[in-house]
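Next up is a structure, given as C-alpha cells.
The first chain written gets the first letter, and so on, giving A, B, C and D; residue counts start at 1 in each chain.
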Amino acid sequence: MTDAIWLVIALPLAGAVFLHFFGRRLGEPLAGIIGTLSVAASFAVGFAAALPFIVEEGAHGETVMLWEWMPAIGANLEIAWDSLAAVMTLIITGVGTLIHVFSIGYMHGDERFARFFTYLNLFIASMLTLVLGGNFAMVFMGWELVGLCSYLLISFWYTKPSAAAAGKKAFIVNRIGDFGFMIGLMLVFTNFGTLAFDGVFERVPEILDEGTATAIGLLFLVGAAGKSAQIPLYVWLPDAMEGPTPVSALIHAATMVTAGVYLVARTAPIFEAGPNAGLVVAIVGALTALWAASIAIAQSDIKKVLAYSTVSQLGYMFIAVGLGGYIAGIFHLMTHAFFKALLFLGSGSVIHGMHDEQDMNKMGGLLKKMPVTGITMGVATLAIAGIPPLAGFWSKDEILGVAFEYGGVGIVLWVIGLVTALITAFYMTRQWFMVFTGEPRWDKGVEPHESPRSMTVPLVVLAVLTVGAGFLNTPFRLTLEHFLEPSFELVKVAHPPEGWGMFALLAAISVGAGFAGMAMAGFVYSRPREIWERFQQGFGRLWEAWAAAYRVDDIYGATLVTPGRKLSERLAFTFDAGGIDGLVNGVGRAVRSVGTRTRVLQTGLVRNYGVGFVAGLLAVVIWLVVAGGGV
Amino acid sequence: MTFAQVLTPPSVGWIAIAPEIVLGVGAALILLFDVQFKPKKSQLAFATALVLVTAFVFTIVQYDRVQTFNSATTDQVTDLVAQAFPFNLMIVLDSNAVFGRFAMLLVTGLGLAAGWRLFERLGARAAEGLALVLLSAAGFTFMASSTHLMMIFLGLEVGSISLYVLAGITREQPRSEEAAIKYFLLGSVASAVFIYGVALTYAGSGSMNLLEIQGIVSRTVFTRPAVLLIGIALMVVGMGFKVSAAPFHSWAPDVYQGAPGGIVGYMASAAKIGGFAALIRILFTAFPDFASTWGPLVAGIAALSMLLGSTVALVQDDVRRMLAYSGVAHAGFILTGVVAGGAGTSEVWFYLGVYTVQLVGAFGVVAAVAGAASSGASIDSFRGLSKRVPFLAATFSVLLLGMSGLPLTSGFVAKFGVFTEAWQAGYEWLVIVAVLASVIAFFFYLRVIVAMYMEEPVDEAVAMPGLSVRTSLALAALITIVIGVLPGPLLSLAGEASPL
Amino acid sequence: MIEVTAGWYLSLAAVLFSIGLLGILVRRNALIMFMCVELMLNAVNLTFVAAGRALGNLEGQVAVFFVLVVAAAEVVVGLAIIVAIFRRRESASVDELASLRG
Amino acid sequence: MGDTMLTALILVPVVAAVIVMLLPANRKELALPVGFGLSFIPLAIAGYLFFHFETGVAGYQYTQKAVWYEAWGISWNLGVDGISLGLVALSVILVPIALAASTNITDRTKEFVVFTLLLEAGLIGSFLALDLFLFFVFFEAVLVPMYFIIGIWGSERRIYAALKFFIFTAFGSAFLLASIVALSVLHNQQFGAPSFDLRDLMSLDLSLSQSRWLFAGFGIAFAIKVPVFPLHTWLPDAHVQAPTAGSVLLAGVMLKLGTYGLLRFNLNLFPQAAVDAVPIIATLAVIGIIYGAIVAIVQPDLKKLVAYSSVSHLGFIVLGTAALTSAGFQGAVIQNVNHGLTTGALFLLVGMIYERRHTKQIADFGGLAKVMPIFAGLFLFTAFASIGLPGLNGFVGEFLVLIGSYSSIPGFAAVAAFGVILAAIYLLWAYERVFTGVPDKPENQKLVDLTPREIGLMVPLVVLMIVLGLYPKILLDRTAASTEALLDRVEQATTYEVPEPGRLADVFAGITEGDE
C-alpha cells in the first residue's frame, strides 16, 4: 500500500485540477461532492497505508521516491511515510472530509461554489505535501503552497477589500516567517550538504554542535511562528477570519496552523541537539497562549474569539514540543483539530442561521432555534475547557504534565498554562452563553434556523470525536504514544511525571482551573445583558485593551508598514529617479555642454580659424622639436 | 649621340602613372568635347564614366604588375626595381598606390553618380565641374603614388586647387562662395606650410626623396635635428589640415556645409584619401626611425580630433556640418591607426576605403534630400524620411550606422583594425579614448535616424532620386554591409598595401 | 667681416614666412591675406635655394620652379574667387563672410 | 547535419526576415502571420538540439568552426553547452509568442516583424558564439533592432528611452571591445598569432592586474546589460516605453546576455579576478535584489513595477554566479530561463490590459477580477511563479541560488533571502489594487476577458512554468555538467576552493542515473 502512497496527494490534487476546469459546468452540488469524495478517497488510502503501523507496534517508516527535483541539493519529490506522517494525514484528510461536507451546505448559493472546492482540494493536497515531504525542500514547498491556498481562501470574497487585504496580509506575514525558515534550511544544507531527512537526522549528533543546532532551531521557530501564528507573527490569523467559516475551521484551526508544531516535531533531533532553542519555543508558546487568551476574553465577534483561542491553543502545543513532549504536542494537535473544527463549524452554522451575523451581542437564546449546533458546540466548549473525560482534558493535561516535569522554567510555563486554561474556560463559556442563552438580541428580520443536514452531520461526527479522541492516549492506555514512538526513536520524548498520585494532583489542579473559569463565566453571562456589561466595564481600560487586541496592528503599522512605505517612496522617486538617473542624464548633458562650448570657437571668421591653425602649428612644432631633442 | 637618339623618348614606366594620365587627358578632352559639340548631360556622364573606367582598367593592370613585384624572387628584384620606381625613384608602383587609386576611382564614380543632379543644374559649367573632379582625383592619387616630396606637393596642389574651384562652382549660392574663399585662403596657407616643411626637410636631410631620406636618417646621428623636426612638423600640419584633423579642422565644417551638396561628398573623401596617403608615406617611408618622436604627437592629434569632433558634432543642427565634425572624429580614428607605424598601414587604408565610401554615400543622401546644388541641410528636413522616401532613409541609416562603427558594418571592422594596431603599438590610452569617443558618436548618428524613423514627417516633399543616384547609394550601403560581414577580401587587399 | 652661411638665409626665410603667417592673422582683406600666402611661398623658395646651395645639389633650385608654378596657379584660382566675391559684396573683407559658423 | 545546425539556427531567422521584407508592400497584413509561421522553424531546430543534447557532457556540443578572417584570427565559431542551451531555447520560444502578441501593431508591421526576427538571430548568435569577436558582433548588433522596436513602436517617451537604452549599452560595449582587443593582442604576443577563440584565450597567462582590468572591462559591459545596480536606470524607461513584444524579448532574453556573459566569459577568462571580485559582485547583486524590490513596491505604473522586479530577480542570478558553487551556478543558469518565462508572461499580461484600457497606471484599475476572471487568474499565477512559489519555476532557481550561495557567502545569501518577502509585497499589493475590490470605474466595468488568442499566448508559458517548477530535471541535467566544468575551471586556475557542501559528488550520480 505504501507504494501507492502518492495517491494520498494525487487524489485531492486531481480533484482540484478537475474542478478547476470543469467545476463551473458541474455546478452545485456536484462539484462539492466530487471535491469531498477526492478527499475521502485520500483518507481511505491514507488509512490503508497506516494499517501497518497500527497492527504491529513500532513499525518503521519508509521513504518513497517520486522523481528528481533538485538533486544538486538532495531535494527530490519523495514521501517519507511514517507514523507521524500517518497521524497528520489522517487528521488532515479526516477533518478535511467533514469540512468539505459541511461546506456543501455552507457555500450553497455562492456564485463561485465550484471554485471554493477547487481551492479546498488544492489546500488538502498542499497540506499533505507538507506533512509527507521526505526532505526540507518538499516540506517547504507544501509550507508555501498552504500559504498560497490560505491566501486564496481568505480573500475568497475578493470584492470585499477587507478580505483581499487580509489574504495579502496572511501571505506576507507568513513570508516573513518563511524568511527565517529558508535561512534555517541554508544552514542545514551548509552543514549536511543535503536537505533529505534521512541524510540529516541520523547525522545530527555527529555534525551539529549545540550552537548551530540552536541557531537552526530558532530559525525554524521563526518559520513556525509565522505559520502557527505565534508571537510576534500571529497578527494575520484574526484577520484571516474574513474567509468563509469552513476555511477558518479547516485551515486556520485544524490543519495549516499546526504546521509549525509539526515542523518542530519532525525536526526533533535538531531541537534535541540545541535544547535552548526548544526552551525558547516553549516560552514563546506560553506567552502566546496567555497573550491570545487574554485578548479572546473581550472579543465580541464570534469568530474572533475562536481565532484568538486557536492562537492560544497553538501556544500550548508549542510548549509541549518545545519541552520535548512531541507526542503530547501532536496529541493536542489532534484533539484540538477536532474540537476547534467543531467550534468553528458550529459558529459557521450559527452565522449561517443568523444570516451572516457575527456579533455575539446580537445573538442569544439560539439554543432553542438550533439545538444541534448548540449542544455540539457545548461539548466542544467543555472539551477546550479541559473538562474530563473529553479529549481536550487529556491532551492539555499531558502538556501541563510535561511542563511540570521539566521543572525550573517548566514550572513557570506550567503556571502560565494553568492561568491560560482558566481564561480559556472563561471566554469559551462566555461565548457559549452569549450565543445560545439569554434573551434574543437579534436584529429585526433575522430568522434563526437550524442548518441543513450537510452541516449538522459533520458537527455531530466531530462532537463524537471530541468526546472520544481523548481515549487514544490516556495514562491508562497510551495508544498514540506507542503508535508514534518509532517516528521519535532518535530523540528522548518528554513525558508527564510518572505515578498516579502525581497525575491525579495535576489533573485536579487543571480541572479546577477549568471549572473556576467556567463557573465565573457562567455566573456572569447566564444573566441579563446589562449585568455582564457592567461586569465588563468593571475591568475599565484593561477590557478595552483586550477588546482592541492591544492595538498590535496599529503598532506594527506605525513602526513597520508606514516607514517601509516611506523608505520605498524615497528610494523610488527621490534617489532612483532623481539621484541615479539624474546623474546619468547629467553626464549626457555635460558632454553636450562641452560640445556647445567648443562650437563657439567656430566663429566663422577666417582669421580666428587662422589663429587656431597657427596655434596648433606652433604646438606641434614645439612638441616635436622638444620631444626629438632638437635643441 | 645622334639627333635621332635625342628624339627617342626616354623609356620610363608610363604604366606607373597611366591612371593619372588618363584622368588628366580625360579631363582636357571633356572640356574640349564640351566646347566643340555642346553635348547633352547624359553624353557628358558617359564620357566621364568612360574616363573613370579606363583609369580603372589601367589600375587593374598596375595591380597585376604589383602582384608580380610582390611575388618576385631576390634575383629578379634588381631589374624590377626600375619598374617599381620609375622616374628616377620619384614615383612608386606599389600596392599602396594601387589601393589608393582603387579607392579614389570608386569614390569618384560613386560621388559623381550620387551628386549628378548638381551637374544637371550647373548647365554650361557642368563640363568644367567634371573636368575639375577628374583632375583633382588625378592629383590625389598622384600623391598616393609619389615617393618624392615635390611630387607629393604637386599632387596636393593639383587636387586642392581643383577642390577650391569646385567648392564655389555654384556661383549663385553666396554660402558656396564663402565656403570657397575660406577653403582657398586656409588651404593655400596649409599648402605653404606643407611646402615650407618640405623645404626644411630638404635642408635638414639633404634630399626630397623619401627613400633617400629614410636612408640618410637611419645612417646619420643628428646632434640637433631641429630643422628636420620642424620640417616634419610642418608637413604633418599641412596634411593634418587636408584630412581635417583637429586643431586644423576649422575649415571643414564651413566648407562641407557651404559647398554644393552634390560634390561635397567627393571633396571630403578625396582630400582625406590624398592627405592620409601622403601622410603615411612621409611618416612610414621616410621617418620610421623617428616613430617614437612623432608617434605621441600623432596620438595627441588623434585624441583631440576624436573628442572634439564627436562632442561638437553632438550639437549640430545641420546634417552636413554634423558629418563634417564626424569627419574630424574619423580623421582621429584613422590617425589612431597611423600611430602604430608601418604595421598599421593596411588597417589605415582599409579604414580610408570603407569610410570614404560611406561618406560619399551619406552626402549623396543629403544631396538627394536637401538639394544637390544647395548649401546646408537642416536635420529637420530629414524628419519622417522613412515614411516619405523609405529607400533614402534605409540607405542613410546603414551608412550612418556604418560610420558609427556598429558591428556587421564595414565601419566596425575598420575601427576594430585600427584599435588593435594602436593597442599592439602600446597606445592603450588612445584606444580607450577612441572607444569612448565612438560612444559619443552614436548619439548624433542615432539622432538623424530618430528624425528619419521616429518623428513625424515634415511636409516638404522629397522626390525619389534618379536611377544613377539610387544605384550609387545602394552600392555604398551594400558595400558597407558586405564588407562588414565579409571583410576578408578587402582586408587582405589592403593588407598588401604596406609601403616599402 | 662675418661670413654669411646658409643658416642666415634659412633664418631670414623663417622670418619672412612668419611675417606672412602673421599677416594672415591680422589682415581682413582677402587680397592682402593672399599676398601674405605668396610671401610665405617666397620664403619657401629662399629656403630651397639656400639649402640647395649649401648642400651643393640642384634639387633645391629645381624645386623653386615648381613652387613658382604652383603659386601662379593659386593666384589664378584665388583671384577668380576673390573677384567673384568682390562683385557681389563690393568688398573683399573676409570678416563679412561669417554666415557659416558654429 | 550536427555541425551546421547552430549556423542554421542563426541564419534561419535572418532568411525569414528577408522573406518577410520581400512580401508585397500592399499586403502588409501578411507580415505578421508569415513571420509568426517562420519563427517556428528555429523553434523546431532548437527543440531538436535540446532533446538530442548529450547530458552529462561538459564540453560544447554541435560545435562548428570556420575561419572568418585568417590574419586576425577571427572565426565563425559556434557551440552550445548547458549554460547557453536553456537561453537559446528561451529565445526561440519567446519570439513566436512575442510576434503573436503584436497584432495591435498596425503601423509598418513588416518592419516590425523583420526587426523582431533579426533580433532573434542576434540573440541566438550571441549565446552560441565561442569566438569573442563574433560574440561582440552579435552582442552589439542586437541593439539596433531593439532600438528601432522601442523607438518606432513604443509609447510617449519612446525616443528618449530608445536612445538611453542604446547609448547605455553601447557605453558598456565600448569597454568590452577594448578588452577583447587587448585579449587578442595578448594572445598575439604570447602565441604569435591573434585569436578570439574563447578556448584559446582561456590558456592565456595573464598577470593579476591584467586580468583584473580585463575583468572590469567585460564586467561593466555585462553589468549594464543585466542590469546591476547602479547601472539599471535605462531598464525601467526602456521597458515602460517599449511595445509588449519589445518588453518581452528585452526582459525575457536580452538581459540574459549580461548574466550569461558573466558566467561564460568573466569566469572562464579571468578566474582569479572573478574570485577576488566576489565580494563586490555579491554586494551589488544583493543591493540589486533588495533595492529593486523596494523600489518596485511603490511604482505607480505596472510595467515599471515589473521592470524593477526584473532588477531584483536578476540580482539573484548574479548572486548565484558569485556564489561559485554547484547549486549557485545551476540556480543562476536555470533562473535565467525562469525569469525569462515569468517576466515575459507578466509583460504579455500587462500588454493585454494596456490594449484594452490604454493605461498602465495601477490607480486606473481595480476590481478587474470580477470582469476579467481568466486574466486575473493568469496574472495571479504568473505573479506567484515570479514570487518564487515552490512548485513553480521561479522557486527552483532562486532556492538553488540561495542555498548555493549560502555555503560560500552566507551573509549575502541571508540578506538576499529577504528579497523573497519583498517580492510577495510588491506583487500581491499590486494584484490587490488592480484586481480585487469592486470594479467601480465605469471604463473598467465593460472590459472584456481574454480572447482565445491571448489565452493561447499564455498557455505555453504557464505549462513551462509548471513543468520547470516540478520537473526542472530536464534543464538541470543538461546544465549540471557544464556548471561543474566551469567550477573546475575556477578551482584549477585559482587558489579558490569550493566550500564542502558547495561541491556535490552526487550531482553527476544524479544525472547518470537520470539517463538510464
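The criterion applied here is as follows: a residue touches a chain if its C-beta (ideal position, glycine included) is under 8 Å from a C-beta of that chain, and two chains touch if they have at least 3 such contacts.
Here the structure is a predicted model, which is why all the values come from computation and not from measurement.
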Of the chains shown, whose Cα mean is nearest the mean of all protein Cα atoms?
D
Any idea how many Å lie between the Cα centroids of chain A and chain D?
36
Would you kindly tell me how far, in whole Å, the mean C-alpha position of chain D lies from that of chain C?
65
So what's the Cα centroid distance for chain B and chain D, whole Å?
44
Between chain A and chain C, what is the gap in Å from one C-alpha centre to the other?
97
So which bits of chain C are touching at least two other chains?
21, 24, 33, 94, 97, 99-102
Which chain D residues reach two or more other chains?
167
By the touch definition above, chain B meets two or more other chains at residues 181-182, 185, 189, 193, 253-254, 316, 443
Chains that touch, pairwise
A-B, A-C, A-D, B-C, B-D
Taking the complex as given, what residues does chain C use to touch chain B?
6, 10, 13, 17, 20-21, 24, 30, 33-34, 37, 40-41, 43-44, 47-48, 50-52, 54-55, 57, 59-60, 62-63, 66-67, 70, 73-74, 77-78, 80-82, 84-85, 88, 94, 97, 99-102
Using the touch definition up top, name the residues of chain D that touch chain A in the complex.
164, 167-168, 230, 232-234, 291, 294-295, 297-299, 326-327, 330, 367, 369-370, 384, 389-391, 395-396, 399-400, 402-404, 406-407, 410, 413-414, 417-418, 420-421, 424-425, 428-429, 431-432, 435-438, 470-473, 476, 480, 499-501, 504, 506-507, 510-511, 514
Which residues of chain A touch chain B once you look at their complex with the stated criterion?
591-592, 594-596, 598-599, 601-602, 604, 606, 608-610, 612-613, 615-617, 619-621, 623-625, 627-631
Which residues, counting only chain A, touch chain C once they are in their complex?
599, 602-607, 610-611, 614
Per the touch rule above, chain C residues touching chain A in the complex are 21, 24-28, 33, 94-95, 97-102
